[in-house]
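By written order: A, B, C, D, E and F. Residues from 1 in each chain.
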Amino acid sequence: MHLTAIVAHPDDADIFCGGTLAKHADRGDDVTVVYMTRGEYGGFDTTEAEVAATREREAEAAAETLGAEAAFLDFEDGRVRYSMENRLQLVDVLREHRPDVVLTHYRDDMHPDHRATSRLVTDAYYMCSLPLLETEYEPWEPQNVYYFGKPTSSFEPETYIDIADYQSTKEEAILQHESQVEWLEEHGGIDAEFDGLVEGVRAEARVLGRTRGAEFAEGFVALHKSADAYLG
Amino acid sequence: MHLTAIVAHPDDADIFCGGTLAKHADRGDDVTVVYMTRGEYGGFDTTEAEVAATREREAEAAAETLGAEAAFLDFEDGRVRYSMENRLQLVDVLREHRPDVVLTHYRDDMHPDHRATSRLVTDAYYMCSLPLLETEYEPWEPQNVYYFGKPTSSFEPETYIDIADYQSTKEEAILQHESQVEWLEEHGGIDAEFDGLVEGVRAEARVLGRTRGAEFAEGFVALHKSADAYLG
Amino acid sequence: MHLTAIVAHPDDADIFCGGTLAKHADRGDDVTVVYMTRGEYGGFDTTEAEVAATREREAEAAAETLGAEAAFLDFEDGRVRYSMENRLQLVDVLREHRPDVVLTHYRDDMHPDHRATSRLVTDAYYMCSLPLLETEYEPWEPQNVYYFGKPTSSFEPETYIDIADYQSTKEEAILQHESQVEWLEEHGGIDAEFDGLVEGVRAEARVLGRTRGAEFAEGFVALHKSADAYLG
Amino acid sequence: MHLTAIVAHPDDADIFCGGTLAKHADRGDDVTVVYMTRGEYGGFDTTEAEVAATREREAEAAAETLGAEAAFLDFEDGRVRYSMENRLQLVDVLREHRPDVVLTHYRDDMHPDHRATSRLVTDAYYMCSLPLLETEYEPWEPQNVYYFGKPTSSFEPETYIDIADYQSTKEEAILQHESQVEWLEEHGGIDAEFDGLVEGVRAEARVLGRTRGAEFAEGFVALHKSADAYLG
Amino acid sequence: MHLTAIVAHPDDADIFCGGTLAKHADRGDDVTVVYMTRGEYGGFDTTEAEVAATREREAEAAAETLGAEAAFLDFEDGRVRYSMENRLQLVDVLREHRPDVVLTHYRDDMHPDHRATSRLVTDAYYMCSLPLLETEYEPWEPQNVYYFGKPTSSFEPETYIDIADYQSTKEEAILQHESQVEWLEEHGGIDAEFDGLVEGVRAEARVLGRTRGAEFAEGFVALHKSADAYLG
Amino acid sequence: MHLTAIVAHPDDADIFCGGTLAKHADRGDDVTVVYMTRGEYGGFDTTEAEVAATREREAEAAAETLGAEAAFLDFEDGRVRYSMENRLQLVDVLREHRPDVVLTHYRDDMHPDHRATSRLVTDAYYMCSLPLLETEYEPWEPQNVYYFGKPTSSFEPETYIDIADYQSTKEEAILQHESQVEWLEEHGGIDAEFDGLVEGVRAEARVLGRTRGAEFAEGFVALHKSADAYLG
């Protein structure tokens, strides 16, 4: 089985679905994280190029921590556009990586890059299996898309994954994003500070797991839902 | 595994969860249907006692069709009360039958008997495992309660069971309730007519299954939800 | 009275509002179906042009079955864009056809063409009556827009139309789309197979009608709602 | 056509559905207001009996203003119980008055009397047509129940009645409840003062009507919804 | 200012609103916790009387930790009834304690005692200011009621209280309920184990606070909402 | 404190948040209204340029009535696009005016200009504090964004501002838009007539205030919510 998470910024995969990715990798699944941007706006007193280089290295270390491959697209931080051209580019990302399961941002999210990424991936999913749509790679049809999101949006998880044994790996992956410590501490208006980030993410996973019989969990909304075979 | 459906009237189990019960029975699970009442108001030009006797026989035939045991409580049709006494009686029903999984009506339902049954079963579930609550039978703790409901209420299924192979059994069970044909045709203000009932139930199951990859499905809301191990 | 349905693909009108269109046509209303695209991606081992030609013929036969006129725009399947230019083109579509009532897709729909069509039509509706907006045709103001949608989105019908006498016409119209049989059977990941489509659509109409006193119904959300004169 | 509004307190009908009742009366429908209680807690420095007598007279004047008959039950203000006995009493109220359409409080309402009345009427509606349920009067089956409610609850109107021509009659009816002026001005913690009441009710009707093409409207939720014949 | 929390069981106040109560007590407000029951079902291999005695002592220690007075009513654990008699008893509880602000359980809660307590307190609030309702104590009108609840119900907080400086006091209060350690570890079907309880409560407070600019927060739904004077 | 309302058309600020702006101005806050367009489509038998000139004068008079500064951007009425270029222009609008609090349209609104404005302002808010994003003005970070909206959309206010003392100022500001009287009376399909507008706006404010202890109120949804210090 092959899972591909397509995220807007270097730390999004670790924060939103790092435990789930680590768990799948640990049972032998292929896991890829595709980064739309290198998060090059996440700094100050420096240049976009320097931030991009630093965050690419951090993302690679974080992906390795999860047991995942890292792949980078060349969209610009804060400027991901929902356009037909970008949609077709994402079609080829899906056709190249040939994932069974795609993970990405939920469509209702205040961050414009998250929202654009969600729409691009979803619409590319609808197009990538079309035989008459010719692009660089062959048509491919993922089985499903799972969306993750922030509790500040209208996102309400319907599928919960027990990540009790992978919460520490998830936190370790988040801690690879060292350059973001100072940035997040200073840039407090939008984000909480970094230590608080790990504690906050852990609390979120505990609360999600709490009523689902799991010590820690991550939550998703599936594009296609399936009937169960039996109750209980 | 032991499943116990606790329903207000003789045809409720077949209509709302008959496919699921038949499927569990077919794999060897113990299945019991507990009827709160004998639906003795479901007739005219007759007496409550005659209707009760007829419908008890029909319920037994329907339960047999599903592969289930039938058990009757002595509540009165249209007059099921939400009281402490009745709640304690339901505690003993659960302690006597010792189900792993309980199925019953959803709490928001326009029929007062359905609503009272839902509340009594749910509250009995909370009490039946208490060691200091002494009743006729020993304490017992079911693993979960699943609620079924009508689309006219606020009921929105979260768990779907694929009943493609048991839709015909479900319909056969519904057809055991012969006495209700004339009644439902005449008493049209509230209910649709009987043939329409089977067709309507089939359409409902098809629509529920349609977006879940199943030809036919039944829908439930679980009291306790569980985290999944993996995506997909 | 003139109704114009504006749909993304050749079979959308029949599936979502075919019964309602047939009913209005049958009482003498003018009914037009405007097809944004010819659904030219709906095939394999062929070309977009061949698929487009085939589906245009099928759409014309389906529209004739409903008693409607067919009109084709030249948007591309899978690539309908929400742009200012396209919005202005839709303004002229409305000004040319001068409908009293417009029917189109609901804005929250996973198919990108449905979503773009919904937005374009709605925004064109807001602009087409403006006297200072000069385009090829004269300003025109439709009375209302009705949206149809898929039960997998957040679409919840508020207006139900009784189509009991037109369900067979609706099914006959759907069956005009012969080329889609093989396509839908093969391309199963997204769509169900064709026979299942008619049965599924029939079940959906029955379920929609069931609690509304109708054997079959179609459901809509109106842009403008009206107060009733009396209860009952 | 016969409409019966069943309300908890003397001024509830005027406030919640006075325009609709006046409009139906004006076209020749029979309209009855059944008062569960005489609102005998609505006073101070007096006795319950005196308040009851005063408010009964005011209710009769208000009903006359609307063109309705007034009927009084003997439940106690603030102490309406949801019990099987009371439900059966309401069965006989419905069987005695034989309404085609019943209007009553919405089930989710913070006032306990409103809530109990809503439940009693709804459950009585389900029982009153049963031929085997013998009470003083003959079985009767109303066609529908319409609920009205306060915007502070979860009540969301689905049916709007245009009362533009009856808003003044509605206000005149409200002003019959003179004894409540001083009471509502003093007892401000729960209720607004009396002048404010009429202005507030008028604003509410204007806001309800505003997006429905009506100068003033009242809003309801129907127990049974019906499909429409045509769009527009 | 006087706050009175009315809770079903000895540990409910600490878990649901302990930080808020401690904070108000710390600024000099009078805080009372009224316990409907002594939670006498919360044990095994013992008697209800012994459990009640132990838990009363623990509740007093917990209330003292919060800086609150403890008061006990004599309702029975697991058997709190929603009746007119009990409602009138709660009227006198409110009239005796004369709180400005009342805190209690949210009405939609799976535990029957929580639900009954919520309804009794709310309905008593509506009656306790009535001058013509004569009971042992004088009429009194609280300014507002705040509801707390479990995330497993439909409870969605609208008011958040920053309890960053009182989270440790809240946890200390919870830890006073020593007798519940063994009970909650054994009786795992319904409740999580005790250490997990404190960690879970802390995670919940962190998640509630996280998007509100607070390290820890508790959440409430107010019966009466107020307009703000200014933005920001 | 500096508040900046960014609105699509000349009368939007007065209608949606005029009372709040007037109240803040009255206590000495700096208040600016930024008009995306001059509403040049709001006329007939004239030119866009003439309408624009007239409405600019009216907007300036209305802003002065509120005690606010007026600033005009050069977007085109009915044609505000959600593009990266426009988002960056809005970044500079925020960086130039340096507001503490931003007020704008809610994202779910049927008018395409309102929707585009909402998205542009929200996304610009996310970008305007980024130090590495260089534009004409220096980075700036507003504290919060408040959204206002129409009751016909999914907008549900969470923050209410008491404008009892500023309702008359609000109405006076609305009346500055004289040119819209004839336009709104004629162009009735979309908008209500002008007198009705003031009465409707007043009714809306009364209804919003009614359950919040205010004679008149305006309603908002805040991007960032804050925890309160105390209850009550």
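The rule is simple: a residue touches a chain if its C-beta (ideal position, glycine included) is under 8 Å from a C-beta of that chain, and two chains touch if they have at least 3 such contacts.
None of these values were measured; they are calculated from a predicted model.
Number of steps on the shortest path from chain C to chain F, with steps defined by chain touch: 1. Contacts with chain B and chain D are shared by C, E. For C-F, the equivalent interface within B-D, C-D or A-E is the one where over half of the contact pairs agree by residue number, namely B-D. At the chain B-chain E interface, residue numbers used by both copies make up under half of all numbers present, so the two copies contact each other through mostly different positions. One simple way to say how far apart two chains are is to compare their mean CA positions; for chain E and chain F this gives 42 Å.
Taking each chain's centre as the mean of its C-alpha atoms, chain A lies 54 Å from chain D. For chain E, the set of residues touching two or more other chains reads 143, 211. Contacts between chains, counted with the stated touch criterion, involve the pairs A-B, A-C, A-E, A-F, B-C, B-D, B-E, C-D, C-F, D-E, D-F, E-F. By the touch criterion given at the top, residues 1, 3, 20, 23-24, 27, 100-101, 103, 143-144, 146, 158-162, 209, 211-214, 217, 220, 224-232 of chain C touch chain D in their complex.
On the chain E side of its complex with chain A, the touching residues are 151-152, 192, 196, 199-200, 202-204, 206-207, 210-211, 215.
Per the touch definition, chain A reaches chain C in the complex via residues 84, 87, 122-123, 126-127, 129-133, 141, 143, 223. On chain E, the positions that touch chain B within their shared complex are 40-41, 43-48, 51, 78-79, 81, 110-112, 187, 189-190.
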